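This is the structure I have questions about; it appears just below.
Labels for the chains are A, B, C and D, by order of writing; each one numbers its residues from 1.
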Amino acid sequence: MLTKEQIAQRIAKEVKKGQYINLGIGIPTLVANYIPADLDVVLQSENGLLGIGPFPTEAEIDPDLINAGKQTITMVKGSAIFSSSESFAMIRGGHVHLTILGAMEVSENGDIANWKVPGKMVKGMGGAMDLVASAKNIIVAMQHCSKDGQSKLLKQCTLPITGIRCVKKIVTDLAVLDVLPEGGFKLLERAPDVSIEEIKSKTEGKLVIEGSVPEMVF
Amino acid sequence: MLTKEQIAQRIAKEVKKGQYINLGIGIPTLVANYIPADLDVVLQSENGLLGIGPFPTEAEIDPDLINAGKQTITMVKGSAIFSSSESFAMIRGGHVHLTILGAMEVSENGDIANWKVPGKMVKGMGGAMDLVASAKNIIVAMQHCSKDGQSKLLKQCTLPITGIRCVKKIVTDLAVLDVLPEGGFKLLERAPDVSIEEIKSKTEGKLVIEGSVPEMVF
Amino acid sequence: MIDKTISNAQAAVADVFTGATLMFGGFGLSGIPENCIKALLEKDITGLTCISNNAGVDDFGIGLMLKKRMVRKMISSYVGENAEFERQLLSGELEVDLIPQGTLAERIRAGGAGIPAFFTPAGVGTEVAVGKEVREFDGKLYLLERWLQADFAFVKAWKGDTAGNLVYKGTARNFNPMMAAAGKITIAEVEELVPVGELDPNQIHTPGIYVQRIFQGVNYEKRIEQRTVRKV
Amino acid sequence: MIDKTISNAQAAVADVFTGATLMFGGFGLSGIPENCIKALLEKDITGLTCISNNAGVDDFGIGLMLKKRMVRKMISSYVGENAEFERQLLSGELEVDLIPQGTLAERIRAGGAGIPAFFTPAGVGTEVAVGKEVREFDGKLYLLERWLQADFAFVKAWKGDTAGNLVYKGTARNFNPMMAAAGKITIAEVEELVPVGELDPNQIHTPGIYVQRIFQGVNYEKRIEQRTVRKV
C-alpha cells in the first residue's frame, strides 16, 4: 500500500515537460514536491496566479499572495497574476493541461464526486466543477477505499457528483487505473506487494485487466 | 441653417459633468472642441482608450497611440488603456453615458441607419452596432436632408439599419429634436432664421410640435 | 477628469439600503474591502444579498456582517470557514446560493459587460444544472447561466487615482476587477490614493469608468487565514 | 519555466497550412504582427480564413496577403481601406463576414475562455441578426453569438519574456490579448524579448500560458494610417 507521499510521487510521473498544472488540496498539493525541476512545469492557482513557488519564509510572507487553499505562497520567476475571471477563462478554455485533484468517489464512466456529503454542512464546490468540466486531463489522487472499507471506485457515484465523464486516470494507495472511454477501470499497475485479487475485491466498478499488471516502480 | 461646427457646438450643450462619451467620426469629433474643460468629461475610443487628448505635435506622434478613426492622438492625465473586449464590455455594459454619432437616416421610432448603402462597397459596421445597441443616451448629428434634398428624418428607414429604437435626440442643421418613446420627432428648437414650416416640409416622419419652438441660443 | 474622491468609508456607504444586493471583492480574506465592511457594520440595515466568493470568518470580513444578521442571502462558491454561518444556514435564517467559482466569476464579468447570459460547461450533469437550459455545442454539453449585477460593489485595490483608475497587488486582485464593473455604484477603497497622472495608463487594471467613489482606506489588517512557511 | 523562444518569424510560421484559420492582432495598422505577416507572404499557402478587425491597406499588413491571393475569407468589422480587397470581393474571389466590432472582440474572447456562445444586443433588428437566435432578457432583445477560435493566432506585443508573458503598449493592445487566448497555436512577436523575471507579474497583459512560440521581431515599420497633428 502506498503512503500519501507515494501516491503523489507516482502521479508526478504523469507530468510532462512544459505543462501548466492545477493541483487540488490534499495529496495533489504534495505532487509538486516530486516533479523534477527540469520539466519546467508551471503551477496554476485558480485565485489568479501562474507560477506558484515554495511556501515563504517568515520574512517573505505577503498577505496579498496566497494560493487557492488560502495558504501564503511565493512566486517563481516568470509568474503572472490575473483576475478570477481570467483564471477560469484559462481553465474553461482548456489552457491548463492537467488537473490533479482528490475525490470521494469515481464511477467507471469517469464521473467524480468530491464536493458534498448529504447530511453534512456543505461548504461549496469552489472551483472544482469548473476544473473537472474543462481540463484536458484529469488525474484523481485518493484512497482506494473509504475509512469504513467501502470501495471508492464505483459503478455509479452515490454522492452528488462534481462532474461527468471527466476523470482520465486514478492513482490510489493500491493501484494505477485508467478510466476507459467505453467505461470501466483498466488496471495498469499494482502498488508493491498488493495482489490483483485484493484490488479486485476492493473495486466495486467494472475492473478491466489485460495481460500482466506490473508493480509500480519508483 | 447651422454649419457643421454649429451643430457640434449645439450638441456640446447636451454634455453633462463627469460623463464618459464616445464620439463617432465626422461632426461628432468636432463636439470635443466645444465641451467646457470644467465639465471633466472623458472621451472613450473604442479601440481601447479612456481619456483621448488633443492631436499630437510632430514630436509627440506615437504609432502605438491612435483613435478609432486611426488618427494619431495623445492621452490626457488619468487615462487608461485596455483591450478591445474590455472596451466593448464597457460599451455593452452601459458604462459609457453618451454616444454621439452621424447617421444617414433616423426613423420616428429611433431606428438608425448609418453603415451600408446597397449597391455601394460595404466597408463594415465597425463598432457602430455595439454602440447604438448599448449606449444609455444616443445623440445623432446630421444634415436634415440628403444632398439630393430628401428628408433623413423618416417614418421608416429605407437603408439597412444599424440599430433599433435607440436614438434619443437629433441635432441637424435646421433643428433640435427628441425622439419620443411613443414614436415621432418632437421639435425642441429651430436653427436661427429657420421657420417651423421649413422644418415641417423637410421632415418626412411624424413631427410633434407643442407650444412655442424657440430659436437656438449659442 | 472628474474627481471621485469621497472623504471616508462612512460617507462612501451612506446610501446603502436594507435589502440591497452587494458585491465584495476578495478571495478568502485576501483583497477584501476591510474599511467598507467596517462602515457597513455601523449601519442599521438588514436583508442584504451578498455576492462574494467566500463568507469571511467568524470574527473578520463578511463573517461580522453575518454575526450581526445583516445578511439574508449569500451567493458564493465556498463558505463555512465560519461557525455562525453554519448555524444560521441550518436554522433557515440565511439562504445560500452555491455557484461554481468560474461560473461565479464569469457571471459577474457578464454583468459588467452587458452579456445577459452565456453557456459554460461547469456543473453539467450535477445538481447545479437543475432548472437550467442545457445545450450541446460541437459535441459537448453546456449550461446557460445568467449575469450577476449589484446595487453596490465594494472593491479593494492597492493604488488608485482620483479618477477611479485602480491597480491591484498580487492575488488580492481576484474578484475585484469584475465586481468593479458589475456594480451600479462601485466603491473602491485603496491603500494609496494618488493624483491623476501618477498611474501608468498601460498598467491600469480597472479603468476609472467603472468606479463611482474612491477613498484611501486606513488600518488595513490583511489577516492571513493559512500562515504557511517553509523551513530555512 | 519552459522556454518558448523560436529563432525567427520564418521558423514560427513553418507549419501554417493551406486552408488554416488565422487570427491577426491589430486595429488598423497599429499593433499588427508585421514580422509574421512578412514570413507568411514567403510561404506557398492559400485558402486562408483570416480573422482580423481590419484588412490592412493595399501595400501593408494583411493587404499584402490579399494581393497574393492567399486569403479565401476575411472575418472583420471594418474593411476596404484597400482597392484590391474591393476588387476581389466584387469578383467573388474573396468572401467577407462582417461582424460588429464588439461582437467580434467578444466572440474571440469567448473562444479563448471556453464559452461556446453568449447573448449580445449588438445587431438586433439588423441584417446581422438573420439566422440567429433572438431572446429577450429583462425586457431587452439579444442575439446568440458563437465563439471564434483559430488554428494559429499571431499577436504583437511591446515586451515579452521567454515564458511567453506579454506586455502591450498603448492602443496597439486592441485585439491582441483575446486572440492570444483563442489560438490553438499562438505566436507572439515582440519588440523586446527579455529573460523570465524581468516583467512584473502584476503587470502582465497576456499570461504565458496562452503563448506557444515567441520571438523578437525586427525592423518594425509601424506605419501610421492617419497622421494627424495639431498646430503649436
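Some points to look at:
Methods note: a contact is a pair of C-beta atoms (placed from the backbone, for glycine too) under 8 Å apart; a residue touches a chain by one contact, two chains touch by 3 or more.
Small disclaimer: the values here were computed from a predicted structure and weren't measured.
Chains making contact with chain B as well as with chain D: C.
Of the two chain pairs examined here, A-C and A-D, the one linked by more C-beta pairs in contact is A-C. Chain geometry summary: the mean Cα position of chain A and that of chain C are 29 Å apart.
With centres defined as mean CA coordinates, chain D is found 36 Å away from chain A. In this assembly, the C-alpha centroid of chain A lies 55 Å from the C-alpha centroid of chain B.
In whole angstrom, the spacing between the mean C-alpha positions of chain C and chain D is 33. Shared interface positions of chain C, defined as residues touching 2 or more other chains, are 106, 109, 113-115, 120-121, 168-170, 173, 202. With touch defined as above, residues shared between interfaces to two or more other chains in chain B number as follows: 49, 81-82, 88-89, 91-92, 134. Every pair of chains that touch is listed here: A-C, A-D, B-C, B-D, C-D.
Note for the complex: chain D touches chain C at residues 106, 110, 113-121, 135, 137-138, 140, 142, 146, 167-170, 173, 202-203. Those residues of chain C that touch chain A in the shared complex are 27-31, 53, 76-81, 86, 89-90, 98, 100-106, 108-109, 120-128, 158, 168-178, 205, 222-230, 232. By the touch criterion given at the top, residues 1-3, 109, 111-115, 161-163, 165, 181, 196-197, 201-202, 204, 207-210 of chain D touch chain A in their complex.
Residues 17-18, 20, 40-42, 44, 49-51, 75-82, 86, 88-96, 134 of chain A touch chain D in their complex. Taken in their complex, chain B has these residues touching chain D: 45-49, 54-58, 61-73, 81-85, 87-89, 91-92, 111, 121-130, 133-134, 160-164.
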